[in-house]
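The letters A, B, C, D and E name the chains in turn, as written, and every chain counts its residues from 1.
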Amino acid sequence: MAELLRVNNLKTYFDRYDGVVKAVDGISYKLDYGETLAIVGESGSGKTVSVLSLLRLIKRNGRVVDGEAIFEGKDLLKLSKEEIRQIRGKDISIVFQDPMTSLNPIMRVGMQIMEPILWHRVMSDKEARDRAVELLRLVGIPEYKTRVWDYPFQFSGGMRQRVMIAIALACNPKLVIADEPTTALDVTVRAQILNLLSDMKEEFKTSVILITHDITLAMNFADTIMVMYAGKIAEYSPVERFIRNPLHPYSQGLISSTLDIKAKEGSLRPIPGNPPSLVSPPSGCRFHPRCVYAQDICREQEPEYKEVEDGHYVACHLVKGGKFNA
Amino acid sequence: MEVALKQRRRGTSYWAAAWRRFKKNKMAVAGLIYIIIIIIISIFTPWIAPYPYDEPHYAHTFEKPSARFWWGTDDLGRDMFSRNLYAMRNALLIGFGSQIVVLIIGVIIGSIAGFRGGRIDTILMRITDIMYAFPTFLFNVILVTVMGRGLFTILVAVGLTGWAGMARLVRGMVMYLKNAEFVEAARALGAKEGYIIRKYILPNMLGPIIVSLAFGIPNGIWIESGLALIGMGVRPPMPSWGNMIGAGVAYIMAFPHMVIFPVLTFALTLLAFTYVGDGLRDALNPRSEV
Amino acid sequence: MGLVRYILRRLFTIFVSIVVVIIITYILMWLAPGEFFNIAQFQASGGRVATLTPEQLQVLIKGFEEKYGLNVPLWKQILNYLKDAFRFKFGPSFSNPNEPIEVQIARRFPVTFTLAILSMALAVIVGIPLGVIAALKRNTWVDYITMFFSMAGSIIPAYTIGVIMVLIFSVWLRVLPTSGWETPKQMIMPVICVALGPMAVIARFMRSSLLDVLNQDYIRTAYAKGGTDRAVIMRHALRNSLIPIVTIIGPQLAFLFTGTVWIENLFRVPGLGQLFVNAASMRDYPLLVTSTFILSLSVMLMNLLVDVIYAFLDPRIKYE
Amino acid sequence: MPELLVVKNLKKYFPVRKKLLKAVDNVSFSIEQGETLGLVGESGSGKSTLGRCVLRLIEPDSGEIIFDGVDLRKLKGEELRQRRRFMQIIFQDPLASLNPMMTIGQNIEDPLVIHNIGTKEERRRAVEELLEIVGLGRDLIDAFPHEFSGGQQQRVGIARALALNPKFIVADEPVSSLDVSIQAQIVSLLYELKIRFKISYLFISHDLAVVRYLSDKVAVMYLGAIVEYAPKEELYENPLHPYTRALLASVPKMPKDGERQKRFLALKGEVPSPIDLPPGCRFQSRCEYVMDVCRKQEPAFREVSPGHFVACHLV
Amino acid sequence: MSKKGLIVLLVLVSVLLLSGVVNGQKERVVSLPFWDVPGLIPYYWQAQHILAQGTIFEGLFGYAPDPGGLGGVKVVPVIAQSYRVSKDYKVWTFKLRRDKKWSNGDPVTARDFEWSFKYYASPKIPDLPAWAGPHQFIENFWAVKSGAMDPDKLGVKALDDYTLEIRLATPRYDMREWLCVAQGVPIHRKSVEADPQNWWRPGKIVVNGPYIPVSWTPGKDMVLVKNPNYVGERGNVDKIVLKFGGLGLQQYMAGELDAAMINSVAEYRFVLADPKLSKEFHEDVMDCFWNGYQWSRGFDPIMDNIKLRQALAMAIDREKLCKDVLGGRAIPLNKYWPDRNPIGDKMKGIPFDVKRAQQLLAEAGYPGGKGLKTLVFYITGGGDPVVEFIVDQWKKNLGINVIIENVESGLYWNSYVWPNFSPDAKAGFTVIGAPMNNLEIGALMKNSDHTVWFYDFPTSARKKRHELYQEYDAWLRKTCGLTEADWKPLLEKRNTLYAGFKKIIDSEPEKLWVADLTRPPLWYDQFDELYEKWKTAKTNEEKTNYWRLAGRVLTDQEGFQLWYNNLSPESKQAYRWRYRTINRPFSEAVKIAHYALQLMQDRYYMVPVYLAKAQWVKSPKLEGLMLYKFSWGPGFFNFKYLNLKD
């Protein structure tokens, strides 16, 4: 498959009272047309920032320090303001985590769906209207014809997330970024939204970046998985391979600390300790204070992010020749 | 790592964190420094002021600023600089004093309403609503008429008209806090009501209350000056900015120094308080809306 | 609950509140040094008791009390007042026995109303862009300077600014008349002076409101949809941040009823502020109570209006 | 084992604009000493209200709460206060549940202060011990809650709950706001405490996996009522209520080779408003097997096999 | 500025200039500052009578400018052509001019006066400020006003269309002067009866003066235009615009006023320094209104010490005060009337003599100010520079300490300055500005007769008299007097008082005073009558009422006797002189007023300090501006003499 996006050495830092937060500190990956990439990590690992940086939507105190992001041959980070705007919502769109706050409370839902269409001059006003109705139907809103002119507060949480998805799909984007799209939802609704995402991916043939902290979900859903820890990529791998052979101790830890519905009592082996401060991250490997296998080299030297097998990248001193040697 | 550990050991309290945020706001810090300076000056005014505020120099009326009278003299030959110092002191007294009144009434009414709820809450809040709708300025004028024009009575009057906002704030805080999880936790631990109020609710209400007070102080000063402009302010010869400005405006053509100095100090002080209020609001209540 | 029922309920609350306000005012006046009787005696005698015999003085006082309805117990005075007040009959004032207060108010109200509306319009027209500029350029020198000047404009007493304006524009440049309230030219200076205060309040409020909205997730959504700065700010940020502005414009308008008194005196604008505030300083009790009545009524009605408008603007609000 | 807690016919209705929100509607269950009851439900199911009612943090409208042989609902003031020593609560949002104005040490010490236990010195030592137990360093005693990460805060919350040696703890979604690795830590800790101190939990969660890990019995709640109640293995292996089944099906499972799951069995619709429920089964609006009887008659909550209760006409 | 803006501005300016020119050619307009008037009903006292008298309404008599006369005016007949007065000065008969007309063309007749005066006196106008007008002296006025008598019984009668007879209750020698004031003007019956509420509104009002108000904006402007039906002398001004409020001098400088009052030293100095304004500057002394201090009306015996009072009065450097403190906007005053004045020239002033003052203070028992308690100077409103100066002088010259205490203005006026005794007042002072409200004889005293009424008898007696006043008020609320036994103490008291009264009548040498005291109905006749009425009264209510009234009559008499018997000989003598003065026509009274005034001034209870100056700037074209010197503040009035030079 052809390459849609390639990110090289992306660094995004935030200025804070107590220093510079290196939220994303040199990450590189690629994404093909039609591929689903899941970025997995805990809060503060930089997974959201890494994608918001692409569209230059990070907060005012943040800045992209270095790197490039080649999207269909253009470097997103070097585009002019107007050029990047042309891409937002049209070629790349985002589904945000919290559907409650991500919709304008005083604007009718239909209007909010129409906006990207109108802004990108994809079609006329009249057509955009019909398109909004059609999109609502597609994302499974009952009585979509009337509800299109309702306000967001008249929708339930799941419905709102469906609206968000409709907005994201409005211009037939090439890439949809779904930033924890189900975290704020109830269990049963969560499943509905995941199903919807799968369907839409099929229907629209888009690439998807799914950001989630739920490694189980990522492993089920994605083609490629990318595990982030403290602003860096720990492991990046096609998902099949990852399921068979997760290499990074953090990936292993995440899997073993995830409670599966079938898990046996007392079988849980959590990762000890807490995620590090990103203002003064630990020396060497950032994971070493929590790594049960940590050795001297891990404390002193930052591991190289290297390809250990075909398409399987890991940043760990202990991985050698595609195997984890503790 | 070491640094972080050390910090841990001491612990940064809510207040330390707030102070850190406050420090970032340069205007607020400048305002605070200004306010601290004028408070110190106000404490020592009788020793700092070159002349008593009411000492006339009949041979030196309307004098322009000079080495002897730094900011000139007024229609009675009284030293404008000294009068400004005393006016500042009075303004601070009224500003702070009125907020003490506001605090007492507001906290009592607000917390009773918040804690008791139900009927008492409804009644108290109705009263507060009425107070809110009372035309403040006119009510102040009436109160001053009733109670007289002393420094103390004016600050009481300003306080009496200004407590409704505080009561609402306190009530809101109490309503929120009494259902807050950590208060619920305390209740689950078997803490008595008194203990909860003392250790859990009151300390946590402090932030918003301080912000409200910080904005109330310049407001009190402002109200006094408004009263003074229609002859309802502090009784002369006691100087206040309001009556100095009011008197000075009459002389603006011939003796502009009589109005420029009071207006400048007055505006500067109010600006300082407002900036400090802004700073405190952002520092103590990071997610505030206004 | 329907809008009409909601308004009716609020009107009833307003009625009760007004009654309480009037009772409080009456009691306060009754507590004031120099009670009604002394005032009556003083007014009736013009301060010259000695030349009249006590009987003659008694006749004067009786007449005075009769005219102003002071010859009944306090509670009855209050009752009588309220009965008439809700029919907008307030009787004569001490300082003006010639005509009933309602006539004076009816004459002055349009003036104050025009002044208030014009000033508020100016304050809104200038204040909102100022706030927007400050918010968009937040923490830059543009922000600091805009906010500093709008705050300074509201803090320096408008009276002082007015006098300086008269000196500059009337005495030296002779381009504007010093005072009056007929031609548009005469309105320029008073309107500017009155507008300064609300302008600063609106600018500050607008700034923080817009900043607040700009931090909302849906703004990020709008950008993510490919909105230009212009589109996002105009369609999302401004619209949403303007709604709360309504809540401060209402009370500010009501405040202008008395807040303009200094400006009215200075520019000879025959408005309500003069009438009301003079009432207090001259101890014109009938006028004083009426001022309280009118002002609190207008504040409350204004708040009601604000709430209704708010509900129209913000689809989320539903009447409880 | 003796029954530590018996809840019978507990009800809590909230009036909402002249209508009734039946947050807890006729709920009964029991917990034995050292046993954990997992309470599963989506938001709006009333599970948190139930947890608070059991502790009388919210006053239930009717029903009995027999704790250690005493009906808590009959206790007043001081008696209840004393009882509280034996029953504690852990909250969902660990930061919100700690007093931000107190240090970690003071927060943990607070229950001892409230019940006037020990001297200052003894209390200090107890606090340090508690910090160790929950896996925090002694040197953190003077830090403030907001300086901690969520996991550490939750450990503090647990330490505070443990301070009085309770027999019973209501854990109200204690891990749902935490990160995966931290969730695992806290769940492990709770498990360890359960074993070590023989504590009984009422463990409230929407996460079926977590519940399964910690519980002995599980109750599934939907719109204020328990729809299914069974020993853990029984419930997970043989779920009877359509809702329970749907819940279990909607959770992604850890994929083994080649068995990835891209679609989930999803319930249609969302949890309806709990205000003014229609007659009949409360799950009728989302049930794919709904029959006429479900719309007319409320299914009885009955025991279908030993210890397995369910409220469904289909079973 | 952009080009476009410049053009717009130019057009605007030229339009303005042109309109000014056009207006100027058309009519002669004068704009003057004025104080806000609440309405145009002439009989109310709230300052509008200054506008009413002579400008929009005219009475039988009026004021004309007279630089040598009191208040700068003299009394001249206006509607009256001639008059006759009975020997006892109680019946005045006026012949009216036949050519005078109302603005609607109706003739002004005696019937207008009769109707108007009866209308004023009727209870329909319950709040008539009768103390400020001539009606208070008219026969039966008080009975009519209280509602006890039909207004037709008022002593006013039109004998024919142009003859008016006024019968008075007591002799009045200054009736002509009284008839100048606004309550002496008639109003137009038909228009008043047609709309009793609004007849006075501009557009509706029918006047008989030289100008008609055509528009009025309270708080702003009033416009007067020539009355086309006016017959009589007046200037050439077509339209007068009275502007209320504003910044007078600035308005004048901006060309919006033709004259402006100068209100502060700053403005005064500014005007003097300005080459153009200084040429347009004018000033006059407000000699009808003296400023000074009076002793507080408390009950501290320290005030009985005349030497102390004298010492204080002599220790004030009035020259310095006027020069330094008042910035030359006042002249020093050491007697009630100033020099170069028919009364003042005959009076002896209080010297500024520090040595003598110190000596007097020592004689009073306080050498060097030692031993004297701290006195209090009550002021209100602002810091009073004059008071501060006086206090400073006393401290410097006599070494005594006086503190300044601020009192609420309402409280101040009501209980410290004017009406009565103030039991709460500590030994000390208040400022007093004693006005002459118009040219009536009583006003010649400029309120210095308060010395006699309130001060000049021993403290103990003052206190007692105050208590009697209180009792007098309390009688009205007493519930008693149903049985004969209740009357017993009253009857006994009546007899004692009667004896006291007889003694006073017999011993008082001043015939006029005795005549006044014995003018029927006499107090004991009233008492006896009430007693008789009580006996035949039917209801208990009536009985109580008669008993109360009788009690009050006695209290009143008791108070009088207490006062009379304790008054200092000097004050008694002053009072006698006062009687002789007020029982003369005004022109003669002026000649002897100084006898009473000097005696009262020498008691040093009310001490004159300075006379303020009225200062104004006016356009050189404007002539005939009359300064209103009576009452409280300077202003212009009587606009009929205004003239604009071309």
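Keep this in mind: a residue touches a chain if its C-beta (ideal position, glycine included) is under 8 Å from a C-beta of that chain, and two chains touch if they have at least 3 such contacts.
Treat the numbers as computed from the prediction; the structure is a model and nothing was measured.
With A-D and B-E as the two chain pairs, more C-beta contacts join A-D. Rounded to whole angstrom, the centroid-to-centroid distance between chain B and chain D, based on C-alpha atoms, equals 48 Å. Separating the centre of chain C from that of chain E, both taken as means of CA atoms, is a distance of 38 Å.
Separation between the centroids of chain A and chain C, computed from CA atoms only, is 54 Å. Residue positions of chain D touching 2 or more other chains: none. Multi-chain contact residues of chain E (touching two or more other chains) are listed as 250, 408, 410.
Contacts between chains, counted with the stated touch criterion, involve the pairs A-B, A-C, A-D, B-C, B-D, B-E, C-E. Chain contact summary for the complex, chain E toward chain B: residues 249-250, 263-267, 269-270, 273, 320, 324-325, 327, 381-383, 385, 388-389, 392, 404, 406, 408, 410. Across the complex, chain C meets chain B through its residues 13, 16-17, 20-21, 24-25, 28-29, 31-33, 144, 148, 151-152, 155-157, 159-160, 163-164, 167, 205, 208-209, 212, 254-255, 257-259, 261-262, 276-277, 280-281, 283, 288, 291-292, 295-296, 299-300, 303. Of all the residues in chain C, the ones that touch chain A in their complex are 216-218, 220-228, 231, 235-236, 239-240, 243, 313-316. Chain A makes touch with chain B in their complex at residues 17, 277, 280, 282. Residues of chain E touching chain C in their complex: 9, 13, 38-41, 44-46, 123, 125-132, 136, 142, 145-146, 197-198, 200, 217-221, 243-247, 250-251, 253-256, 408, 410-411, 413-415, 417-420, 442, 447, 449-450, 453, 472, 556.
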